[in-house]
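Attaching a single structure in structure tokens format; questions to follow.
Each chain gets a letter, A, B, C, D, E and F, in the order it is written, and its residues are counted from 1.
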Amino acid sequence: MKVGEPERLIIDGKRLDGRAFDELRPIKIEAGVLKRADGSAYLEWGGNKVMAACYGPREVHPRHLARPDSAILRCIYNMAAFSVSDRKRPGPDRRSVEISKVTREALEHVVFTHLFPRTAIDVFIEILQANAGTRCSGITAASVALADAGIPMADLVPACAAGKVGGEIVLDLNDVEDNYGEADLPVAITPKKGEVTLLQMDGNFTREEFEKAFKLAIKGCKKVHKIQKEALRKKYGGT
Amino acid sequence: MYDLIAEIKRDNIIQTLKAGKRVDNRGFDEYRPIAVEVGVGEKAEGSAIVQIGKTRVMAGVKLAIGEPFPDMPNSGVLTTNAELRPLASPTFEKGPPGEDTIELARVVDRGIRESECIDLEKLCRVEGEEVWIVFIDLHILDYDGNLFDACELGAISALVDTRLPKVEDGMIIYKEKTDERLPIKDLPVETTFAKIGDNIVVDPILDEEQVMDARLTVAYTKKGDICAMQKGGVGTFTEKEILEVIDRGLEKSKELRKHIPFKEV
Amino acid sequence: MYDLIAEIKRDNIIQTLKAGKRVDNRGFDEYRPIAVEVGVGEKAEGSAIVQIGKTRVMAGVKLAIGEPFPDMPNSGVLTTNAELRPLASPTFEKGPPGEDTIELARVVDRGIRESECIDLEKLCRVEGEEVWIVFIDLHILDYDGNLFDACELGAISALVDTRLPKVEDGMIIYKEKTDERLPIKDLPVETTFAKIGDNIVVDPILDEEQVMDARLTVAYTKKGDICAMQKGGVGTFTEKEILEVIDRGLEKSKELRKHIPFKEV
Amino acid sequence: MKVGEPERLIIDGKRLDGRAFDELRPIKIEAGVLKRADGSAYLEWGGNKVMAACYGPREVHPRHLARPDSAILRCIYNMAAFSVSDRKRPGPDRRSVEISKVTREALEHVVFTHLFPRTAIDVFIEILQANAGTRCSGITAASVALADAGIPMADLVPACAAGKVGGEIVLDLNDVEDNYGEADLPVAITPKKGEVTLLQMDGNFTREEFEKAFKLAIKGCKKVHKIQKEALRKKYGGT
Amino acid sequence: MKVGEPERLIIDGKRLDGRAFDELRPIKIEAGVLKRADGSAYLEWGGNKVMAACYGPREVHPRHLARPDSAILRCIYNMAAFSVSDRKRPGPDRRSVEISKVTREALEHVVFTHLFPRTAIDVFIEILQANAGTRCSGITAASVALADAGIPMADLVPACAAGKVGGEIVLDLNDVEDNYGEADLPVAITPKKGEVTLLQMDGNFTREEFEKAFKLAIKGCKKVHKIQKEALRKKYGGT
Amino acid sequence: MYDLIAEIKRDNIIQTLKAGKRVDNRGFDEYRPIAVEVGVGEKAEGSAIVQIGKTRVMAGVKLAIGEPFPDMPNSGVLTTNAELRPLASPTFEKGPPGEDTIELARVVDRGIRESECIDLEKLCRVEGEEVWIVFIDLHILDYDGNLFDACELGAISALVDTRLPKVEDGMIIYKEKTDERLPIKDLPVETTFAKIGDNIVVDPILDEEQVMDARLTVAYTKKGDICAMQKGGVGTFTEKEILEVIDRGLEKSKELRKHIPFKEV
């Protein structure tokens, strides 16, 4: 048992923060919040606070990274030093390098990179406050920032995790559930076609639990998708 | 590329200044609208988001327990870091901090340190062995000029917002904040002026910074003393100009200080 | 340059797959020949060389004594590192580990950690003060695809091969190995499938990896539970495909596990 | 009170090293001391020992740093590991990066960079022994090294600090005064026009103290300027 | 006396591992063991296990390193983290940088670099297990890997050390002899002409001892050369 | 660019050598003028500036108190670092030390270490816990060839110049130097010869280094034993040449050693 571990994570069929098993934490997204970036989005998701920005299509430096037939998509996921309890030393670490990679892979599928050969589209995700689920928060916000920048995309990419906590399959783990729960499964999808662009897992699932959690995560993604669309509607109007 | 834009802008900006105006219609001694919000980060011991016009900075204070410096055995440790994140400007790049970032962090740090804003001796826990380490991290989110003043204001606001976490057996329980505040002794404020051609204006926007000849930042204590200065840029100031800037800045510093959410005990 | 080769190969590989075959004549669910040799490094506490086809990885386990993490005071520490050495491929470069290397090490690490393969609490020597540190280092020597599975198999084999060194006065005498083994509780195995066009095949060779749309790695415990997953690549999987891969992988994991030279006590 | 702090810094109206308030420490400058550099100068200033060298105008690597209409000036200020009491780890630190920047800004104004488009002029400053005032020492020496390299300049750039010590405004702080004094104000000027190219300050000045110290520093700069000219005269003759 | 030092290194005129003074440890070389590399060799030499690979001639990146009149030879010597008792932190250290340099200098003389202008020939040496003499092992293996890659060479380059242990001049020091002996002298030669391409020494030799050890090392090189040739014969046939 | 210069110079240098002369009129076994000045750094515990011709090196010794290596619990620690500062040559670049710098520092270090120049056991303060750390830093100021010999001479001169600082309560009072010297047991000296075509000359100037085929550095103890050697360059030496260089170097080492300002006790 780890230091600070609560005795139980599920009490009387409810989670410690009072949520139902399939309930998301509150999510707020605002598009177009930064002046300098070509597109941006600010997201609050439970205790997560995330700023995402998009620049591009723009020139590639160094040039040898450019592709003759498409844009390159680059993502940097970064945590502010003060976003976590133990101050994070500034600069990339192994975790953020991996998350930057899977974030790029989660987003690139929907971006029409072939329209912008020899350019770069840069996505920057800053975690200003972290409370479990930062990669899903980042992908969700980045997708809105890309749209805000006017980058042509086949779809938005919402992301959401499910997991196992106190033996139960639940949606959208918070800090405590992530630290002391049994499994975490972040997923990102393209809602129109229902394709999975991000899938990671750690912990312990039986085959049946996995399937249940997986489907719950996809359901979560669809709810997140609505909030993404709402944020863009709020800025750009339309239905 | 940048230079080209700069040339056209420079002409426009200088002509406007010659006519006694600024491109965004402000007076020479007028700051853009300022907004300070504190308590914006639950994982930080103190935090603030500062906006000066479109420039936006998030400041966070984290506390840790560590050893004092050998020559200051009964003094807490203060460290200031800035991150010009690439989302804040097309010209900011990933990678280790460059000279602009380092200068920014060091000038903000000097304002705080030299004004004796924090009573560091009160942050000693066990002389020579255990003191509070105060980390101030400045996260630049949107860059439209005048980072110095925004960062100093953000840093001080986050410091006054800070509450010490609970400590048990020498280990910090970050989740439980106490009501104890940092021992704040002064509230330093920095004001920055840009010299463009023959004119000197406060709080330059990015367009003005790109064409300015030189920059002068002055940090003032509550009493109105000067606790730090930094000239920047390849251009020069005359003696007279420097003394003028100091006097004009003092007035502005009083305005800026009102934005710090600090209640005297 | 690479893309050109890829285009030609892609056509050939896809056409072959459409005909229900693979370019190296394997079945869709067939691994290349696998060889595991342990005890290959006298300076390591445990070691293994794994070959899957022409892919070759050397795994070494080194032990050290150090401090536990503050939030896990009675737990040993596990750390996994991979090195894509430039001798293994013309595309691997010297320099600090890139994102592929880091992802590889982290996914292998998760398989081991989440399966609770090692009973880390048994590696505590003095609570809160002194624990065993287990370093797993993966040295890629020849790269012909599917590093994930080869590295996981190498890591586990090196772990089960490990014998603790003698300790005197808190110092390790590396030259004298005891008969004591690491407390192994599970034997996780990873299986990786590549999606190429509409087909999904296990254990992709390098040529297949270069043209694949996406990759899915699943780690299984002995019981058949899932303990880690990682999707890679810009392509996508449907829900159905993911569930299929999990079931096909489970079968293959049983085959792979037989190569781990572990005798139940 | 810091470890090692003396009880008083001013005794009977005199400084601990016996200097008057407006007295410089002894300064010695020698121009043209290195074989390989295009220009060089060795300076001793109180306990400071500084070697400065200039290379250029020369090709710029990497090329994208070159400017089509002028030379770029680059400065590196570096402290030898053995130049201070606690061995300095080799390599740039935050302090030396800042000093390199303000040094470049202090010097660039006088250099006719527009005569040498697409080239670099490199200035290297090595602090071999440090005793307060190294940045002023460095700028002063570098300016002579630039002249020794034959780089056309509008003026020399002398630098000198003033400060507050034991309540008094004094010129050119030494080690002890810098460590335990109340304020330090390094200044560099272009003597012909009297323009200020370097100005930094830390500590505590009232408005009046600042003005007094500032004017004293400028006076100091003018004295330093004479010594710079003398060094060049000694090597190149002329008046 | 160091921790772990044996009382004597020579007992009854024999070395601790039973070898005669001029006896090599067992050596096994296999050429062409890796798929991806253009040439490769695996070597076991006493307790050393070394993998060497050669790539090239191939394009040079970055291009400004290319030479218009010849190939550049680049060598990287690297120790696996688990190759030594105290885990080696991954990445180059000062020792491996020096060995990489002298390895390159030991090999370059025999390579016909002028046949491949503007290209690079890369040699990678991985020490998988270390037991004294890794640089000689690496050069010996690399030389075979170069031949396996079909790089035209004037000769093979065998390497071998001699040293002083317990007052005696001996060939090919092992771990214990290297740690507690008096001197170590690694040498590499071009057997046809008998030229020395690597020579390093540390410890203490009189003039006479040096000459004796030096000649012994060269004798060792010649024995190693036979094993190199045998390895290539085994793969490629011929005499 | 460099190569072009080198070709012309090479011809001239070789022709001159064939005629039995050197481009700067020295004999084959003749050093340039040597000057050694010690006590040049008040912040260093020991220091020296060495000039060999126009090559100029400043060496500084700093002392600190630290822990011994675990396998040498009663031995002080010696560490040697070189900095090829960019002011010393147009070809030296800023940034972390390159392979030439590292080789230089390591060869100088070996000369000192292997000659047992310093009695490191006398630098133990508390066995296994507290020993003197000796930092030798070599700062290259002007580079006109033969850094090895200049650096070794500088390092030894700075070591013999060193006086231990006062220690109070385990903390060093750097400002107060005692009269205690380092326990010097030997005075190693390095001599370097360059092979250019068929000729071998001592103390190569930069022009000679740029065209030389190979370099051989030999370090000698006072007794005349050999304590370190390093061959450099792509060229080769014959057996006979190596033995000759050793004998010629021994004579020169005696000359060089006279420049070390050391008085036997």
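In the analysis below, a residue touches a chain if its C-beta (ideal position, glycine included) is under 8 Å from a C-beta of that chain, and two chains touch if they have at least 3 such contacts.
What you see is a predicted model, and the numbers here were worked out from it, not measured in a lab.
Where touching is counted per the definition, the chains common to subunit B and subunit C are A. Relative to subunit A, the most remote chain by averaged C-alpha coordinates is F. Farthest chain from subunit C, judged by C-alpha centroids: D. One inter-chain figure worth recording: subunit C and subunit E are separated by 31 Å, centre to centre, where each centre is the mean of the chain's CA atoms.
Chain geometry summary: the mean Cα position of subunit C and that of subunit D are 57 Å apart. Spacing of subunit D relative to subunit E, judged by their CA centroids, is 51 angstrom. Shown for subunit F are the residues that touch two or more other chains, namely 70.
Residue positions of subunit E touching 2 or more other chains, listed in rising order: 4.
Traversing the ring of touching chains from subunit E and stepping first to subunit F, the chains occur in the order E, F, D, B, A, C.
In the complex of the two chains, the subunit B residues touching subunit A come out as 40-44, 47, 54, 56, 58, 60-62, 64, 81, 83, 85-90, 94, 96-97, 135, 137, 139, 141-144, 174-175. Across the interface of their complex, subunit F is touched by residues 4, 34-37, 40, 47, 49, 51-53, 55, 58, 76, 78, 80-87, 90-92, 122, 124, 126, 128-131 of subunit D.
Note for the complex: subunit D touches subunit B at residues 2-4, 67, 94-95, 97-98, 100-102, 105, 108-109, 185, 190, 193-207, 210-211, 214-215, 218. Residues 70-73, 99-100, 102-103, 105-106, 110, 113-115, 216, 221, 224-239, 242-243, 246-247, 250 of subunit F are the ones touching subunit E in the complex.
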